[in-house]
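Here come two complexes built around chain A, the first alongside chain B, the second alongside chain C.
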Partner chain A sequence: MAVSRRGFMAAAASAPVLMTVQEAMAQGVAPRRGGTLQMMLTPEPPVLQIGVNQQGPTLAAAPKIFQGLLTFSPTLEPQPVLAKSWTISPDGKEYVFTLQENVKWHDGQPFTADDVVFSIMKFHMELSPRARAIFSLIETCEAKDPLTVRIVLKQAFQPFLLMFDATAAAIVAKHLFDGQDYRTAPAVQRLVGTGPFKLTEWQRGNFVRMDRNETYWKPGQPYLDTIIYRIIPDSQSRRLALESGQVLLSQSSDIEPFDIPQLRQRPNLEVETKGWEYFSPLSWIELNHRVKPLDDARVRRAMSMAIDRNFIVNRLWFGVGKPATGPVASTTRFFDANAKIAAFNVQQANALLDQAGYPRNAQGVRFTLKHIPLPYGEIWTRLSEYLRQAMRNVGIALELESTDAGSWARRVGNWEYETTINFVYQFGDPTLGVERTYVSTNIQKVTFTNTGGYANPQVDALFQQARAAAAAADRARAFSEVQRILVEDVPQIWLMELSFPTVYDKKVRNVITTGLGVSKSFDDVFIAG
Partner chain B sequence: MDPSRLPGFLLRRGVKAAVVILAIVVCNFLLIHAAPGDPASVIAGQSGAADERFLAQLRQQFGLDQPLHVQLWIYLKGVLTLDLGFSHRQQMPVWTLIRERLPATLLLTGAAFAFAVAAGVTLGTLAARRVGTWADSIITVIALTFYATPLFWVGLMLVLFFSVWLEWLPSFGMATVGVELHGIDAVLDVAKHLLLPALTLGLFYLAVYARLTRATMLEVADQDFVKTARAKGVPEGQVVRRHILRNALLPVITFAGIQAGQLIGGSILVETVFAWPGIGRLAFDALLARDYAVLLGVFFCTSVMVVGFNLVTDLLYAVVDPRVEVEG
Partner chain C sequence: MSDFWRRFRRNRGAVVGLVILALVIAVAAFASVLFPGSPWDMATAPFVPPGEEGMLLGSDSLGRDVAAGIAHGARISLMVGAVSTVAALFIGVSLGAVAGYLGGVADDAVMRFTEFFQTIPSFVFAILLVAIFTPTIGSVVFAIAVVSWPPVARVVRAEFLSLRSREFVQAAEVLGKSRIAIVVTDILPNALSPIVVLSSLMVASAILLESALSFLGLGDPNLMTWGFLIGSGRSVIRLAWWMSVFPGLAIFLTVLALNLVGEGLSDALNPRLARQRGGAA
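Right after this comes the complex of A and B.
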């Protein structure tokens, strides 16, 4: 018998609306219709068609236009969006989604199960490396009727539902893409989604404007009339725009962390660091294991012990984020709090390096490593400068080489680096976002694979076990074991569980309500009068 | 200048210009491709997930899987038919992207240019007329200050003063977005947004023009024909305008010619600080994203402008100073 979630989900289907009202009532304000929300988008994305472009700014803005079948709570529980309910068979292979009724595309065409099948099996399968890796496990995907989609997997895959958020697999209109080159179809410029806002104007280098979708399927929503994203390239100008009230909301890396303390003191602004639970970006020193002596686990462990992560979090990021304790972020499923990297201890780090046979020379240097700071803003340069200092304390000379984003991606992708900084999204489940960095089967000349070249058969086997197991308990066991091995082996030197502050005027309500932060539809966001 | 020589002059210069522009296009193309990284790896690096097939698909779509000389040949053929190519990253023709940014760029650089020339030459003339007095000292100090101060700092200080402290002017953008404005209101709105960036960009050039005008005017003022003019009783105002200033203008025109050539290149710094949607930012973003076609397109337009204005400058010399002969 199939495990039915229909009863539960029927109640939950209306939950977002209810929660909004309740939350608003608790603050003494009923949702107010109307108003324009000005925000910022940095850097300006080249196209906003999700799938064709998967950059951070696109994932933040495009979910206002496009929706997925589901979204996720801060604890990563699935919540209904275009799917109003779903069932999973006991063997974990069959998924049946029941779709919302009366949903229309922005061009007036009805939204049906065919659009869902097309989006999964053709659109994202062709365009998105992330979706391709998961959706290739699908044996059949069919529209049983216009409002029912049935998917059968070749084998059970427990994190499957996590792939149905708008940021992972937004549903696109079949009638606008089928039979065309998806990257160059006219619809890429004239976006058509099911979301609460329609793209109405985009002056490149200036602003993106979205207006209310009058035929949105949630009655009475969205509350906002208009959303405007301003393109402001300079971080200090962005801070000024926020402080002077010219924009009401900043997101992801709009504001540099070192500007946060001053913004916290402004009585009209709220600084929120939640809303990154689904992505859970984890930063680390990316080591190239092909460079000696980085192939030596003792050296990697010693380097990790030489770093004061509390300093990084408190002095560089001003308390936005958390020190990393291992390869899995604490907000990701199957995080094991017992598997922890060795604590900050310069003396022990020095002893370990002595033991490993890397004595200091006359200048006090054991060996020299090249290091490429991450070219994504001032804060990353500051981090690398701190690391140079920390490594000097244990006799390792870090030589900083500056570069730009294009060269960084090329050099990491081609393994032409010794050490650098990287941060990688975990996507809620270690199989989706963690495994790729450590298994030897994923050593590729492409960024965000196992570019470091770490290989450990035991680690490979455990990740494979966790991937294939249908039961959460079995997966948890494998993940705990692999976390215990990795914190001893330190294939990459984890630094911080990143969080990006969302700073907004307190009259903007319901900003962060899910585990996806600002990457949500904003159909429940309103500006209190 | 003998007008009958003009067609021959223009023809010879036109051929030279075409060769120069072609050489610039080839050099730019090779230089840009020598930079490490390509658009596909940039997109992969920004997408949070990638695989080999993803990279191969992008490179094929962008035409990067062709050998370099084939890519160069395709590009040259395009340029010769005035087709600047297609930005695969932004899914738009390059010319459309540049054209969208042209009005904003020309408005900003044109306003700054006019302001700098008018105010600079006036201040320089004033300083030269009152050389050694307090007025001269003040003008010289102001000019030196603006000449030596970094543009972005001037910009930020102006914003702090006029936008944050006085709250008179907006701190960024080109117009108020999200409000419907018509007629005179719309013009005033853009003017308000334009004031600070144009001032920031203009102040530096103002300093250059003021110093240049002052120096050459002092030099010309000592020459014999000026003394003669005064001796025969020409009124002082006419001496300054007709005899000194006109002869002192040649170096100013040279410099103005150079600056005019850069008009459509925009100014990356000012556009960045004031979030002005101009061509400078388009080029800078294209560089970071390795969007080769856009970058080459901007370079092409800029080099055409520079070559064109050099020609205009040469012709202007002959107008201002009839002794100058135009030569191919």
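Right after this comes the complex of A and C.
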């Protein structure tokens, strides 16, 4: 603490103020160089080598060290990072990236197109199932010269660029990984990236410290001297740390939703719910279609109508989030606002169930379903308790079964459930993050596939059409059509678009500027005086 | 009997405890009359403070009536306390009787077995059992019974050890009564008073254990209990203190009442001890 404070003072006193005209205009404040930004990381990740570990905390912290070719705006438009510019051939098969000049790895070696080719074709291809699914469409990937990468696809794939963010495919140093086991290479412990910060100290269970990369390729950046991630396991202690100013920023699930209303009232704190557009997590009641009567679309529609989503968002999540309207989150590309699930209406839901041939018995119960609450904390238990009451209103008895996180994943993966709660990232494009839950070709005994077992040839065909089409307009048509079918069929009962607020002191500037929120390099973040 | 009641009454605390206990039992018995419908029903807006909108003790984060939760929770808490105590008594008395009456190798074997259970911290063991068998009302009762029988076994063994060499037991043996008959009809009735006292305290600790398990989210998710009420209120205590305070009071009063009654029973059943204590005070 003492060291960092001294550093802070010295930097504040001596550092010249650097900025670009554009940034100064955007913010209305000149970036100030210097200072230490203390944040929190929950839970502490085992390693910070992106690719080797792809969990939330790593995806939040590692982009300070590693960078991708691109990043994405809140509307998911690609923006240059390590790729200065790029071109796409009219048939949508050839991508040519021109890389930034004078980029150096933290160990002083130059960054070249070979590193990019290695990262895509070997590193992520081996480590990440998500990247492998997309990168296996690549026919050739070559370094035309040290600053040009050319990729040719076997078939057009419009969402391809979305795979080049640091969280999806960070570029790693070929000279440190090639020919080794990527998971155990020494570089996994001594991180070397191209990013604005270098990992300088990691006291397990205490803090992770990153210091300014003096040879960063953006002149004058980063503005911060040091980033410190504190490890604070208890949520109420994290809230206190934020309130007392010990840390200046909280991210993802650092702060519980029920603490948000009070934090909003603090004049010095900003509560920002934007910055999740790329991930767009959508939660739903996961139904196992193999369990009767969940194979009946009328039953599913009635269940969906029995739920007051505004109550869930406003009462359980304290207004943090948005009621879901369909299978595609409103922040994901190709969201069709016209395709909407039926509104909350208990009377109609009851009528629909009567019509479907499920009369109430003497106790007023039509049928009983088992339900596993998501074991990710008590708010999810509250949600399931609410759903049990909502289902009771239409004569469906929901019996809750408690389980732990490991058993939950195993049981969902093995189809050993009747109903549960799930939430899944959409990764900006329905082909990347929505399709997997609904197409019959993806019915697998693996979590986050089509574990429910929904099968509809029309839906399969439309998703395939959207996947293969090169033109955005054709894809939009197919996605609109599929959304219209899905909101009628209700294969899963969508509940809400989650959002994890970023709470920060107002003197920290430029925090949320992209569709990836805090999962960015922070080279433009500064602490105003 | 009137003698027993007179001795019990002499302990004022015990009478107060009995009154509280009777009240709690009455609330549990008439829960469906006082608060018709399910305690899980969302009766009003969330976080209504006590006394407003007809919510005597306020409402919780889903708008459920805290008072209804406490009334219906009393049933579960008392039921868990009673059933798990009966189960623990059954195990403890059987094993203690075998050890105390037979002695020798059987005694050694049973006591080592009991010590094995006593060395494991009971709460941790209960958590483990519930986690293994998934939290349902049955597994919670089972876990509480499994961790609370060893003291019973030890007490019963000690009583049996001292009683089995008495003349009336020897007389029964000479008469050719079977061992089981001797144990059940001759020795056990004479060992009953410490068991009764112990069991009233066991009900109290079973209620505490069940509440602690529910507090940690290891209760039956389909049943409203006091521990669940406190656990669900803990995180919002700065927003809605009533969600934790009232169920906490309910647990406190019930456990206190059971302890007071236990002490009263002990006085009534061991008049000599009571008089000594009275003299000392």
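Here is the rule we use: the second predicted complex is superposed on the first by the 501 of 529 C-alpha atoms of A that agree within 3 Å, B and C clash if a C-alpha of one lies under 4 Å from a C-alpha of the other, contacts with A are read in each partner's own complex, and residues count from 1 in each chain.
The rule is simple: contacts are C-beta pairs under 8 Å (C-beta built on N, C-alpha and C of every residue); 3 or more make two chains touch, one makes a residue touch a chain.
Just so we're clear, the structure is a prediction, and the values are computed from it rather than from any experiment.
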| item | value |
| --- | --- |
| Chain B versus chain C as contact partner of A:204, first or second or both or neither | first |
| First, second, both or neither for A:382, with chain B first and chain C second | second |
| Which superposed partner A:220 touches (first chain B, second chain C, both, neither) | neither |
| First, second, both or neither for A:237, with chain B first and chain C second | first |
| Touching partner for A:404 - first (chain B), second (chain C), both, neither | both |
| First, second, both or neither for A:228, with chain B first and chain C second | first |
| More chain A residues in contact - chain B or chain C | B |
| Footprint overlap on chain A, comparing chain B with chain C | 403-404 |
| Chain B residues within the chain A interface of the complex | 35-38, 41-55, 61, 87, 89-92, 97, 100-101, 104, 156, 159, 163-164, 167, 170-174, 177-178, 271-275, 277-278, 281-282, 285, 288-291 |
| Residue ranges of chain A in contact with chain B within the complex | 36, 38, 43-44, 46-47, 52-56, 128-130, 132-133, 183-184, 188-189, 203-207, 209, 226, 228, 230-234, 236-237, 240-241, 243-244, 246, 403-413, 424-425, 436, 444-449 |
| Complex interface listing, chain C residues touching chain A | 38, 40-42, 46, 61-63, 131, 134-135, 217-218, 221-222, 231-232, 235-236, 238-239 |
| Residues of chain A touching chain C in the complex | 235, 256, 258, 261-262, 315-316, 373, 378, 381-382, 384-386, 388-389, 392, 399-404 |
